[in-house]
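The structures considered in this document are given below.
Common to both upcoming complexes is subunit A, partnered first by subunit B, then by subunit C.
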Partner chain A sequence: MVMRNRAAWLPWALPAIVLVMVFFVAPFLLNVRFAFSSWTSFRAEITWNGLENVRTLIDQDLLANAVTVTVLYAILCMAIQNTVSLSLALALQRTSGINTVFRSAFFLPTLISPLAAGYIWRGLLAPEGAVNSFLGIEWAWLGEPSTALVVVAFIDAWKWSGLITLVYIAGLNSIPKSLLESATVDGAGPWTRFRRVVFPLLAPALTFNVAVTLVGALSAYDVIAATTGGGPGDHTRALNVVMRQQWGQGFFGSASALGFTVTLLVIATAVPLVWWLRRREVTG
Partner chain B sequence: MRAVLKYTALTLFAIPWVLVPIWLVVVNSFKPAGEAAELGLGLPRTWAIAENYGIVLDRGGYLTGLVNSLKVTVPIVVAVVFLGAAAAWAFGRSRSRWLQAAYFVMGLSILLPPSIIPTVYLLRALSLDGGSLGYVLTMTGCRLGVVIFLATGFVRAFPRDLEDAAAIDGASRAQVFVRILLPLLRPVLFVGGVILIINVWNDFFFALFLLQGSANATLPLSLFQFASGTLQSLNWNLVFAHVLLTTLPLVAVYVVAQKRVLAGLTEGALKG
Partner chain C sequence: MRAPSRLLGAAIGAVLALSLSGCGSSAPEGTGQVKLTLWHNSADPAPLLEMYKKFEKQSGHKIELVSIPSDGFEDTTQTKWATGDRPDILEYHATASGLLALNPAENLRDLTGEAYIARSGDLYQSAGSVNGKVYAAITGFPQVFGLYYNKKVFTAAGLTPPTNFAELAATCPKLKAAGVTPVFESGGSIWPVQILPILYLAGANQSNAYGKAIAGHSSTLADAGSPFVAGLTAYAKLQADGCFNKDIVTAKFEDSMKALVTGKAAMVAQHSDMLPALLAAAGDDQKTVDESVGFVGLSSDKPLVTYAPGPIGTFYLPKTGDAAREKAALDFVRFMTGPAYAEYITASKTFPVFKDVPDPQGVSSVLQDVKKAYDTGAVIAFNSDIPGMGGLAQLMSELIAGQKDPQKAATQLQGQVEQAAKAAGLPGW
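Showing the complex of A and B:
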């Protein structure tokens, strides 16, 4: 039969495979080489130089700070986003007219670009802005080292929370009602039901959301570009921000090394996390 | 009583979370520069709608940005959705080891961050740097993975009897794809497509590296250039007018598609 002919499947997958290979996999492999190569706008020739780029970045006190900022940013972003989204999902789980209106409203920030979100909150959180006049204080949220990183991570979380809420609602709705009912019959209160039934069964959605938000936030750039540009000092200078600066100054090899660092962080975060959460899914 | 309490709490949360940010943008885009600099939430004392939006359209590069954004978003979304669906069919049905290996690579491309610097190098080597085509190809290559992954799960969950029956009746593969596969995958392709539109329309990072010159600038790039023109003190009225105009096309898409997006996402179209 035609449909069972093996070779005949290749043409259907080939365009996609070629595009991913050329425009994702090839740059990925090239990056491994460029990260350890001398390549600048002053000398276009690309030659292997081992750990020279990394050493230069460390000597300039750029690398350790960027890694710390990026990791903190990702954790803050993940924590804020998942707390808000899971709470909203629990409140809006049932599909009804009024809940649909709220779901729709909370989805709106997702439509706004991270760049625009940065400008909007920069306006709201300015010393003379609405947040301060409501609180009756004058605080430079984005200008003070103690709050800048939290605020920038908050803006990123704000932008994506609507979408993550919907994924949690899908997860909540996939929990069999009979389980919750029998837990209630057995005398479990709302908190026990959540902790013993809902939370363990929510594992697939939780896995997905925690991994997606962490991995996404490790590549942070847009919100920072619109708000602090890396400041105050270097308190929000994440890896991608330094990468763009190195690129702009013509240090292409160093920029590649910074991009490669993001990749390593993603691998280091995602692999154990997915593995651990999946195991808990089965046994939990 | 508990319901009243819940919805009061939700409303109180929605005001600063959704309403105030949107109101700030709208109302300040109507004010003259001096008044907008106060960043207040009150109505304008002097209205400057025509002036502000006139400047954004004229000097802010909005119209060029709009055309450029459409010019890249449409081909990327069409290519990802259709090439992704075709590939998902093959990955879902074929038992070839090579294709299964390729499918694994597609999965990796979702997780790992794209390498932007070597991409610039590669596009330069292919004489595709700076322009829309290189950007479209790169974004397509980097976004295909998600759609393929989601759609392949869908294909595998469906028995192949329907496709076999159509083949026995003499339908060609292309006919089976258009008549059976695409309708089958519609929910997942629809939700994936809308999220893709949001991502591509709002993309700033790739555009910053891959699109050169204001002639190619998409809307996020033109917003950034416009805002960075006066880095020390933003002209809030103009920045907000630009933000509003940049977001409106997506809001329009969302209003049309909202019911199906919300239903698709909450009923787990992404779970496959």
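Showing the complex of A and C:
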């Protein structure tokens, strides 16, 4: 029975499988060797050098900080985006004229280039920018080590929350009304309905959104580059920012090693996370 | 079956035709004229762009300009270069460190023996050459690094601009008392914050002695009491003494130019190719710039300017394997360094690098200050010949944020130099 099902689904999955193989798996397999090579712009020969690139990155105090910043940033982005988006989805779930206007307004930043979004916010958050003028304070939001990473994560959330909200709205609308009505008849208040009925049944949307926001933030570059460039100091210097800097200096092997680290990080966090969330969908 | 086969054949034919036309920087048939690709810096001034057009007109060749943004110029050029893509003409840095990163022996044509080299004095002993072979055609006057200052601010405070770091440290509190930011630093743009430490090191780098010692591995940046550590320490002290703007971490380069012109800040450490940006900050009013801005040399202990050959007007000829295009590219270099060069100098109002070309008339007073300071005492930037120094600006960001002390920053940068020097196969590593 299982075999027959698989055989029936294969033709439908084939285009996706081919695309993933051609554009992701094959380039990855073809390029992964560069992470363990002496590839630089200084000479033509590329030789195998084992873990030398990783050792160099550790010796230069670059790798540990970049991994820490990347993981922290990813957790912040995932938490902020999902909290904000779920709240927005609950507020805008009902389809009405005014809600459609708000949905569109919150979706608009998704259409803006991440670099443009970064530049806009950098201007707004400058010490003499509009945000400080409005609040009547003087604070370098992107220049203070204590706030820079969190603020950049908020900018990323502002950029993508509209999309995540739509997925949550779709999830909310797929919950049968009869279940909610039964819960109400049984005396469940709004909070109990949300906790015991809505949230468990939102599991597929939650799986998708948590995975997408986490994986997206693990490979962050554009918003960080446009707002802080990795600063102040190295407080927002994520793996891809360091990769770009290594590449710019002609150290292509080290840059590839950093790219490989991002891939490992995505696999190590996303795969168990998705597995656990999917399991929750079955049992929840 | 036949129709799809024919369709497939037509599609393959079309793709082939398109591919071949994509390679079409070769000659239009029978004319001997070719299309040359030139990767150039987006900051090329109008008179230089005009020279490209003049070459097209005179030679009949076409130049396809591929503009590389000046912000992130090195990174973007390296990225394109790493893909194996090669232009016929490349505009890029003339420093040995920049040149080594292009792997010149493998990728660039040897221009040793071209007539312009003998007319350039000893320029190619410190720029555009590696292992005795000249690869560059330098037509732009070197970038001259020093201290721009607001003349009105200094006059009002009854002060003279500092020419060494002790004077700079002593001037700071007086300017602060006058309600002016003494030195404006642009950490938000990252690269400008490395200029002051480089200026400091001019004192120790007469005849490029310090740069050669680091590149040759007879000294390291992190040696106890090294000039480099001393430069970073002097910078950290200026920061601790409050000599810099409060928004040093976020301020952009353009902010520094505006602060200087308006007198909000008294000084900015910058180089001479930034004069157009200074003019833009003054609303394109040359008179305002001339009246308010001056330029002096500064080092650890004496009035010296630091110079480095810049990318603007420095051309390389990558090996492309196409004889017609390679010949035309060489014609381009000969044109740019030939009789037309004098017209370029007149139009651009910059100083010539060839001894037989006279200085232009009507040069702005700031540029005259730059030339005067350069003629009085100029030292090549200590990092010009050292590969792997690209990480200096990032380390300065960490120094400013208090994450690194000077000694630790020097040790880390030395590691990067070692990584690059070994990769480049420099003698002594």
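Everything that follows uses one rule, which is that the second predicted complex is superposed on the first by the 261 of 284 C-alpha atoms of A that agree within 3 Å, B and C clash if a C-alpha of one lies under 4 Å from a C-alpha of the other, contacts with A are read in each partner's own complex, and residues count from 1 in each chain.
As a convention for this text, contacts are C-beta pairs under 8 Å (C-beta built on N, C-alpha and C of every residue); 3 or more make two chains touch, one makes a residue touch a chain.
Being a predicted model, the structure only gives us computed values, none of them experimental.
Asker: Between subunit B and subunit C, whom does A:Pro200 touch in the aligned arrangement: first, second, both, or neither?
Answerer: A:Pro200 contacts neither subunit B nor subunit C.
Asker: Determine, for the superposed model, which of the two partners subunit B and subunit C contacts more residues of subunit A.
Answerer: B
Asker: Answer with first, second, both or neither: which of subunit B and subunit C does A:Gly231 touch in the superposed model?
Answerer: Second partner only.
Asker: Applying the document's definition of touch, where does A:Phe252 land relative to subunit B and subunit C: first, second, both, or neither?
Answerer: So A:Phe252 meets both subunit B and subunit C here.
Asker: Can A:Ala126 be said to touch subunit B (first), subunit C (second), both, or neither?
Answerer: Both partners.
Asker: A:Asp61 in the overlay: touching subunit B, subunit C, both, or neither? Say first, second, both or neither.
Answerer: Only subunit C; A:Asp61 stays clear of subunit B.
Asker: Looking at the overlay, does A:Ser113 come into contact with subunit B only (first), subunit C only (second), both, or neither?
Answerer: Only subunit B; A:Ser113 stays clear of subunit C.
Asker: Report for A:Arg244: first if it touches subunit B alone, second if subunit C alone, otherwise both or neither.
Answerer: Both partners.
Asker: Quick check on my understanding: which residues of subunit A belong to both its subunit B contact set and its subunit C contact set?
Answerer: After superposing on chain A, subunit A residues 122, 126, 128, 244, 247, 252 contact both subunit B and subunit C.
Asker: Inside the complex, what are the residues of subunit A that reach subunit B?
Answerer: Counting only subunit A, the residues touching subunit B are 1-3, 6, 8-10, 12-13, 15-17, 19-28, 30-31, 34, 91-92, 95, 98, 100, 102-116, 119-124, 126, 128-130, 133, 158, 163, 166-167, 169-171, 173-174, 204, 215, 218-219, 221-222, 225-226, 240, 243-244, 247, 252, 255-256, 259-260, 262-263, 266-267, 270.
Asker: Which residues, counting only subunit C, touch subunit A once they are in their complex?
Answerer: Touching subunit A: residues 72, 74-75, 78-79, 81-82, 100-103, 106, 187-188, 190, 246-250, 387-388, 390-391, 394, 397-398, 400-404, 412, 415-416, 419-420, 423-425 of subunit C.
Asker: Taking the touch rule as given, give the residues of subunit A at its contact with subunit C in the complex, in rising order.
Answerer: 38, 40-44, 56, 59-61, 122, 126-128, 140, 142-145, 229-235, 244-245, 247-252, 254
Asker: Which stretch or stretches of subunit B touch subunit A in the complex?
Answerer: Contacts found on subunit B: 6-7, 9-10, 14, 17-18, 20-22, 24-25, 28, 38-41, 79, 83-84, 86-87, 89-91, 93-96, 99, 102, 105-106, 109, 111-119, 121-122, 137-138, 140-142, 144-145, 148, 160, 163-164, 167-168, 173, 176-177, 195, 198, 201-202, 204-205, 208-209, 220, 223-224, 227, 234, 236, 239-240, 243, 246-247, 250-251, 254, 258, 261-262, 265-268, 270-271.
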